[in-house]
Each structure stands twice: as C-alpha cells, then as structure tokens.
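Two complexes come next, and they have one chain in common, chain A, joined by chain B in the first and chain C in the second.
== the complex of A and B ==
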C-alpha cells in the first residue's frame, strides 16, 4: 500500500526527469534526415551516431570552443575565489562574534535568498549605467577621469556579477558549519597554549572544511550553467561562457544535436566535479569526526 | 574580555550593504517620476498604474505577472500533493526499489538548471509531442524540479514525528488509514504548508526552465520579461515589476513562517529542539536543499534558521 502512494511521484520522476535526460543523448547521437536535412533523434543506442559529439569534442579540445571552456573555468574559479574571500569572513563573524546583533545579521545575509536573481541583476544594471550611481561615485572621488563602461563586454563586471549573484548561497551553508563548531574545542586549544591565529589554523579551518566544500559545490554548479548573468551584464562574444553556447545552439540555431552534445559534455564535467566533491567531503567529514 | 574583531565586523557590514543596497536603489527607482533608471527625478507611482507604460496598463507586463501567478499556482497545486504522497510512501517503503526512488527524488536538487531545462525542452519537442511548449510544459517542468523540495521537507518532518503517535492510535483501535488521517496528516500540516510556499516561491523565481519551455510571447513570465526587456528598452516599470516580485516573495515567506510557528506552538518545544539538532534528517535538508543549485529558495524559508539565534542565546547545553 505504501509503495502505491509513492508510485505517482516515482512515475513522474522517471517520465519527466530520467527520460528527458535520455532525450539529450538521443538528440546528441541522432542522425541528420537526408530528405529534410533536419536532425532526427535516435532512441535506439545501437544506431547512435557520434559525428556531432566528436565535432563538439574536437572543437572543445583544439577549436573555437576551447577558449570558451577555458574562459568558463577561469571566470568560475575567480568568482569562487572571491566568494571564499568575502564569504568566509562574513560567515565566521556572524557565527562567532556577532553577539547581540546575530539575529539581525542572520536575517540580512539571508535576505538576498528571497529576492529573485534577475531582480538582483537588474539592480546592478541600474547602478552600472554609464551615468549610474557607481560611475557618479567613482568620478566624485576622482578614482577615474571618465565613466567606466561596465556593461559592454567587461570581464570584470561578469566575474563580479557572478560573485554578487551566488555569494549568498555560499555564505549560508558555510555559516551553518561554522556555527556547529563547538566553542569548547577552541577554548581547549587556547588552554593548551595556541595563539588565536594558531587555533584558527589548526581547529576552526579544518573543522569548517566540509562546509567550505559544500558551499563551493553549491555555488560552482549553477555558475557553470549560468548564461543569463553573462548576457545581462555583458552580452558580448568576448565574454561568452559555455552555457551561452548551449543556449545558442539549443534555442537559437537549427543544429540542436550540437547543443545536446555540449550539454552532455558539460554534464560530464560537472559529474566529475560532483564525484570529487563527494569524495573529498567524505574525507573532510572523517577528519571532523 | 575579548578584543573586538573590527576587521571582520567591517567586512561583514560592508558585505551587507553591498548585497542589499542595490536592491533598495532598484526599488527606489520604481517610484521615479521619469523614464530614467539611473537619475532620480522625484516620487511618483506612474510605473505601477495610471500611465500607459505602467505594470497595470502595459499588456505585456500584466500578462507576465498573470502568467507567473498561474504557473506558480498550478505548480503548487500539483507538486504539493504529489510530493506529500511520495514522501509518505517512501518513509514506509523498505527495500531496494524504495531506496532507488528515494535517490531519484534527490537528483533534481543536484542538477544544474540548464541541464534540466535542455532535457525538458528536448523531450517535449521530440518525444512528448502531445505536451505543447508554453504554459503546460512550464507547469510540468516546474513540478519536476520543485516536487523534491516537498519530498525532502515532509520526509524530514516524518522522521522527527516518528511512529509512536500513529502506533498509539492503532492500539486504540484506529484502522491504518484512519490513523494516517487523524494523527499523521494534522501533524504534517505545517511541513506541507511550508513545502507549498517554497514550491510557489521557487516557481515564481524560476527563469531558466521557464525560458527554455517558452516558445513565444504568450507564455512569458516575470523573470523572462525582466531578462528580455533589460537589453531592449528598459523603463522604471521593470523596477516596479521586480518590486512586486520581491513583495510576493515576502508574503510567501511570511505565510510559511506563520505556518511553521503555528505548527511548532502545538509541539513540545524541547522535543523539537532536540530533533533539530540531532536528527540526521534535518542535516539532510540543509545539505541537499541548499545544494540544489536552484539558488533562490530553500527549505529554510520555513523559519528554521531564524530559530537558531534564539538557541544560541538560551543555550540548553547541559554542561552549562
């Protein structure tokens, strides 16, 4: 009887999660109809045709997609680095030192979670206009002589926009981990003669590793699949990321099998990262316990 | 007693200002008395109603708002019962198939939206041709990614309720079904309501899946509208639309919080606090829901995190 209750949900997820996944492969490995010159999905794995996929693979390794992949990796790495640089101190302060203002600060760092992502990007688009508040401020403080053109293919803007978009999702899980660290452990370290800095390096940092890893996975995964941030704050081909190419081939062009192949390639990359995350977070948990 | 860590404090407050000030400025410009979104020209409500480009009068903006509400409403109506039934079933379904299905319910949370969006787009255009792109496909897509939230929340709630109450009811002569109806469902209500609110909010917020499944202007939702008009001819009406979205999220958040609070008032609070700290189910919610990559929502909307600070201020640690 209980299995019956779960059956509709199970059926839904098979039909609308598992099968669609298979559809990506069917389209990527499909063939081109000789009459209409249109791509046709191939559902039978025995007849899969890997021409489109190997085209994508060649272009990614040595062709025009190579810089796109490298740029994506670079942007995500930079954005993630900045997330750590900003997120760790904030999460640490709120978990450890906020005192009476803790509830308030917690509410404030959670606030961006409730605001739509595109709304938050829109907010920056207002500020970064050529005559926006940011340029006003920079001109006023004489840091620059003429307005900075933030919104036309500026890689700095793209990376900062990614940081702005995803850092709230980095801070909260990290906070949860830091908050769970027993203060008695730190006191013990201090009693045994550790300086504050050493206690941080030898106690807090290793104990927060699982949270750091989770937070990184949570932010890196969607950053790799993000095409809208890039389009909104840059829209220039000089900052194109891999997800922009996926959107282009799947929704824009007629060569959907290339788009599907790219999705497969990106999924493989992310899957590898996920496996790395699972292994290293298991290792980190072992250290903790 | 301790040196105040003023560097950390200033980084934190700078971060808070940096993360929230732009949103406040955007809201401010929704009240601008002029077409500019970067120069303040005085207060007016003209972008909300009364002028031809306002949210209330511009047909495309109004359509986006209606579409968002319709899709989110239908998604909530389908995903909530589906998720609750699945969670109830999974909590009693032992054996391998049960575990596999349990794993399947978590996978959407770890799938990047662009992968899920592409998958759904390709399956609707190649295999399930009877489902037209547009609103029907969008609702189905939203249910697929949001049903997991309900499953995770309800399962962790089920784990913390345990089977004691239900067994007591059975001992007192209830049939299995009556026990579920009289005991389990009322205890689950706050979790179900919180789940429904999260589904609604995440559906309202979703951009990628809606966009992949929207073939033309008739199925544009608010996030798609924001995205597509930003590059064309943005007016403060966009800011007004975004402000309304923030308002909708706040209302959903408030309702979810109230439901959660009412739910926990009926409980033995000590019992609940222990559950929060120790039950593996709860940590589960944290990790996975946050790990969804579906940035804008997570089960904390129910107010779990808001409860933590109080815990810290009134420690119940027996060592003290």
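== the complex of A and C ==
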C-alpha cells in the first residue's frame, strides 16, 4: 500500500528523467542521416557508436574544452562562495532574529520571482551599460575614475549574474534547516559557558551543515547548466561556459551528437558531485543525530 | 546531373524515406548535389510528389500554415492575404534551418509555405520534403532579379522562388567611427569591448578569411578553415570580441560600435534608436568593388501542404513589388526584386543616405559570394573551428 504512494514519483522520474536521458544517450551514440545530415537516435545499445563521445572526452581532458570546463568550475565555485557569504547571514537572520517579520522577509527574498527572469536580466543590462545608472553611481561616489565595462565580456559580471539568479534558491532551503535547530541546544551551549560566537561555531554551524549542502547542490547544479545568463550579460568567448558549448552544438549546426555527448559528460561530473553530496549529507546527519 | 549521381541521390532519398537500414556516421561526402554558381544543378523530381495541376481554384476556409523565422514576414501582409482568400493564416516559427527541417519531418505535421535558405533546398528536395512548383501560378517571378529566376541552387526554380536578399558587412555608429572602413574595423583596438561578430560559424570564419585576403569562403580545406580560426582567435585578446545576432538593437542603442551583421539589421536598426537619436548615427560598410558575402532566402511549398494552390498564390503575392515593399517595411530585409533600388529606397525614406550600401542590387549579388552547402566532413571542420573560437581558444 505504502509502496503505491511512490508510484506518481516513480512515474515522474521515469517519464521526465530516465526517458529523456536515454534519448540523449541515443543521440550521442547514434548515427547521422545521410540526406539531412541530422542525428538519428540509436535506441538499441548493441549498435551504439562511441566516436562522438570519445571525441568530446578527448577534447575535454586535453583539448579546447578543457579550459571551458575549468572556467565553468571556477565560475560556479565563486558564485557558490558568494551565495554562502550572502545567503547564510540572511537565512540565519530570518530564522533566528526576524520574529514577526519573518514571513515578510521571506516574501521579499522570493519577490524577484514575481518578475520573469528574462525581464529582470534585461533590466540589469540597461543598468549596467557604460552610461547606465550603476556606472553613474560609481562615478558619482568616485569609486571608479572611468565607467566599468560590465557588459564587455567581464567575468565578474557573469559570476555576479549567476549569484543574482540563484541566491534565493540557496537561502530558502538553508532557512528551513536553520529554523529547525532546537533553540534549547543553543541555550545549553551558552549555559555550558560558550560565547555567542563559539555557540554558533560549535552548535549552529555543524547542525546547519545538511542545509548548507542541500542549498549548495540546489544552487550549483542549475548553474552548471545555465547558458542564457552568460549569453545575456557577456556573449564573449572569454567567458564561455560548458553549457554555452552544449547550446552551440545542440541548437546550431549539424553535430548534435557532440552536444548530446557533452550533456552526458557534464551529467557524469554532476553525478560525482551528487554522490559526494549524498555521502556528506549522510555523515552530517549522523553527526547531528 | 549525370546518371551516376542521379542514381546515387535517388537511392539515398529512398533510404531516407523508407528507413530500415542503419545509416553510417557521417561519411564525409555529401548525399545531396552541392550546387555552385559555376556548376548549377537541377534538383530531382519525384513521381510520388507531382506539382499541382494548372488552373486550379485556390482552397478556401480553414488554416493556411506558414513556417518561417520569427519577425520575417509582415503580419499585416499575411492577414490581408488570408482575408482575401477566406482563410486564417497561422505562423509557426523556427530559429535554425535544422529546427525547421525537424518540424517538416515530424510525422503528421503539415505546412503550406516554408521560408528556406538556399543551402537546405537541395536536401529538402532530395528528402522529399518539398512539392515542385507549378510556375503557371507564379507570374510575379518575372519581377525577381534575373539571376534568381533560375538560381544556381535550384535551376529552373523547380522548388523555390526568391524572397529576401542581404549582404554581410559591418554595421557601425557613424558618430564614433570616421575612418578605417573595412573588415579591419573589427580588428581596431579603438573599439575594444564594443565589437561584435555574427554568431554563425560560416559567417564568422568567412569574415576572417575575407579580411586576410582568402577568398574561398566555401573551402573544404581544413588547413584554410583552421587558419581562419587562428585569425579569429586574435580578436579575443585584441578586441574582447563578442558574438550575437542583435546588431539592430546593439548598434542602435550604442552597446556596439562596430558589429559584423546582415544588411537588413542596419535597416531595422532605424526602428530601434533611442528617442531623440537621429538615424544618421547608423552606418553600414560593405566592400564597394570587391568580394563580399551575400545571401538570399527563398519561399517553397512543402510536400505536406494541404493548401498547395493557395500556397502558390501566397508565393506569387509576396513577389508583387507593392506587397514586397510593404513586407520590407516590417522585416527590414529587402525583397530580391528589380523594382527595389537603393535610390528608390532613399527617395521613399526606407533608409538614410548613409545606409544606402545596405541595399543589395543584382550587380552586388553578381560580384559577391554566397555561403553554399558543403560536405558533412567540411561542415564538421567549420563547426569545430568556430567552437574552439567560442571557447576562447
């Protein structure tokens, strides 16, 4: 009976993840139509052709895609670091000190979602132009001597745009974890002589580790696959991320098998990170219990 | 086409249509005849997809389905046509020709009019996606440029009629650029961070070739293609180059000072200028007497059309100079018709004097080079070279 309750979830997983994922593999390991030069998915694994995947693997390990992978890892790591720096204090404040204003603050954190993502980013494009309001403010306050070229392939803009797009995803699950920490544990720490800072360091932070890991996973995974943020705020080859290369191969040209292979490779990398997340979160839960 | 090639093409078409055998990973050679200006080709006809008969009445009622790029045909023109013939006109859009072909090949899907580029007409004809045209319904084809009444890519206009024409040049802000006109504008550090390339592998690499005096923009020689990639890579540190296809907006708003673009983009840019900015700030450079890149688009009737007679009438309608000019005012891309001249466009206030080079003439078309379909193996080299450039290599 209880197993039946999992049926919708299982159906969801099979229909919306397993089948599309298999379709991507079928394209990556498939063939090419001789007339239209279009990919022909090969559904039977006995006939899979690994040429395209092998090419992508070689290029990713030692060829032109290697710096793109490294750049992607760097941008996501920096963006994630900023999400922690910005998101943790916010989530902590809302969970522990917001009192009656908690609902209001949570609403404000989610407020950006009331506006379409593309619209918000287009608004930022206007603000960040050479003669936009951001540069006007920086010049007015004499923080810079000449306008910052935010939109001219600037890696800082790409990282900040990623943070802007995903930081609410980070705050909300972290808030849920911090909110569940029993205040009595903190009181016990204080009774045993801990200062506020030591109580945070030895009680709150370890107990919030599962939430931190969840928030990081929820934030980092879509960042790896995000191509439109980079396209919107940069469009420069100097900031190309791996998802931009996937977009290039899948949406343009005739070598979609390479795009599909890149998807598989990126998925393998993310799966490794997910395994690390699962192991770490299990350990964190063991520590908590 | 010689007999051997005809048999090869027919056999491959049959394979594509029937399925069954597993096709091999790209063989390198093309299964479709690669037509060139100096070796034009007639596309194959198929007994099971005949042209429509002469003198039929157009279908009425229901929906006339159009497959086109977004914003590439005037809704008013379509609406008026639909009203005249008692049909609703429904527009389905695509972003790339691969996307369009995929939609055409979807089982059960039907479209009445398609707007293909010449480089895919061959494969669409071989793959039985198109219905041959009956030219008794297309009297306005005589209004098209002489070269396009029987173009090299579809000799005898068996499957297509011309639609718009454009060149690939450099759009610029005339208030910021006053010297050094040429492809070298994109290599001028004075415009660093404000320079853009068209985000297309063939266009981008062809630009690098032409800038460096290599005129074979349809080459299949990997050495030459990779050399072009090396030239383009110079732009990454030198110019912090960006890629995109929104020149009409970026140049108009001043985000780009120089933008490799299609001529129609600069004509369109006149509509995107911020309030109070005069259209004279827009300029367009195209080689005045040397080789450049020219392109045309076309109109065709898919084999799946349920209203093929009405589809023919729409093709003919769009070749009417008055209708074409109205359509031009919406798309910004000029029809390839003899009646559209640079002088007339300036007089009719379609473009400023500074944008006169953005109007293509039959002479410009004749001395320019079109981007052709190439073999799958060469296409892979072009794509990978562009991919390396896009990766910042």
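Keep in mind that, in the parts below, the second predicted complex is superposed on the first by the 259 of 289 C-alpha atoms of A that agree within 3 Å, B and C clash if a C-alpha of one lies under 4 Å from a C-alpha of the other, contacts with A are read in each partner's own complex, and residues count from 1 in each chain.
Here is the rule we go by: a contact is a pair of C-beta atoms (placed from the backbone, for glycine too) under 8 Å apart; a residue touches a chain by one contact, two chains touch by 3 or more.
Keep in mind that this is a model prediction, so the values were computed, not measured.
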For A:214, using the defined touch cut-off, is the partner it touches chain B, chain C, both, or neither? Pick first, second, both or neither. first
If we overlay the two complexes on their shared chain A, which of chain B and chain C does A:244 touch? Say first, second, both or neither. second
Taking the superposition as given, does A:153 touch the first partner, chain B, the second, chain C, both, or neither? second
Does the superposition put A:166 against chain B (first), chain C (second), both, or neither? first
Figure out whether A:8 sits in contact with chain B (first) or chain C (second), or with both, or with neither. first
The answer to whether chain B or chain C touches more of chain A is B
Thinking of the overlay built on chain A, is A:235 touched by chain B (first), by chain C (second), by both, or by neither? both
Which residues form the common part of the chain A surface touched by chain B and by chain C? 129, 131, 235, 251, 256
For the complex, give me every residue of chain A touching chain B. 1-10, 12-14, 16-21, 23-24, 26-27, 41, 86, 89-90, 92-94, 97-98, 102-103, 105-127, 129, 131-133, 164-169, 172-173, 176, 179, 184, 214, 217-218, 221-222, 224-228, 231-232, 235, 243, 246-247, 250-251, 256, 259-260, 263, 266-267, 270, 274
Applying the document's contact rule, which stretches of chain B touch chain A when the two form their complex? 4-5, 7-9, 11-12, 15-16, 18-20, 22-23, 25-26, 29, 37-39, 82-83, 85-86, 88-93, 97-98, 101, 104-105, 107-108, 110, 112-116, 118-123, 126-127, 140-141, 143-144, 147, 151, 176, 201, 204-205, 207-208, 212, 222-223, 226-227, 230-231, 234, 238-239, 242, 245-246, 249-250, 253, 286-287, 290-298, 300-301, 305-306, 308-310, 312-313, 319
In their complex, what parts of chain A are in touch with chain C? 31-38, 40, 42, 47, 49, 51-52, 64-65, 67-68, 71, 129, 131, 149, 151-153, 234-240, 244-245, 248-249, 251-256
Complex interface listing, chain C residues touching chain A: 12-13, 15-16, 22-27, 31-32, 95-96, 98-99, 101-102, 105, 123, 126-127, 192-194, 196, 199-201, 236, 240-244, 253-255, 376, 379-380, 383-384, 386-393
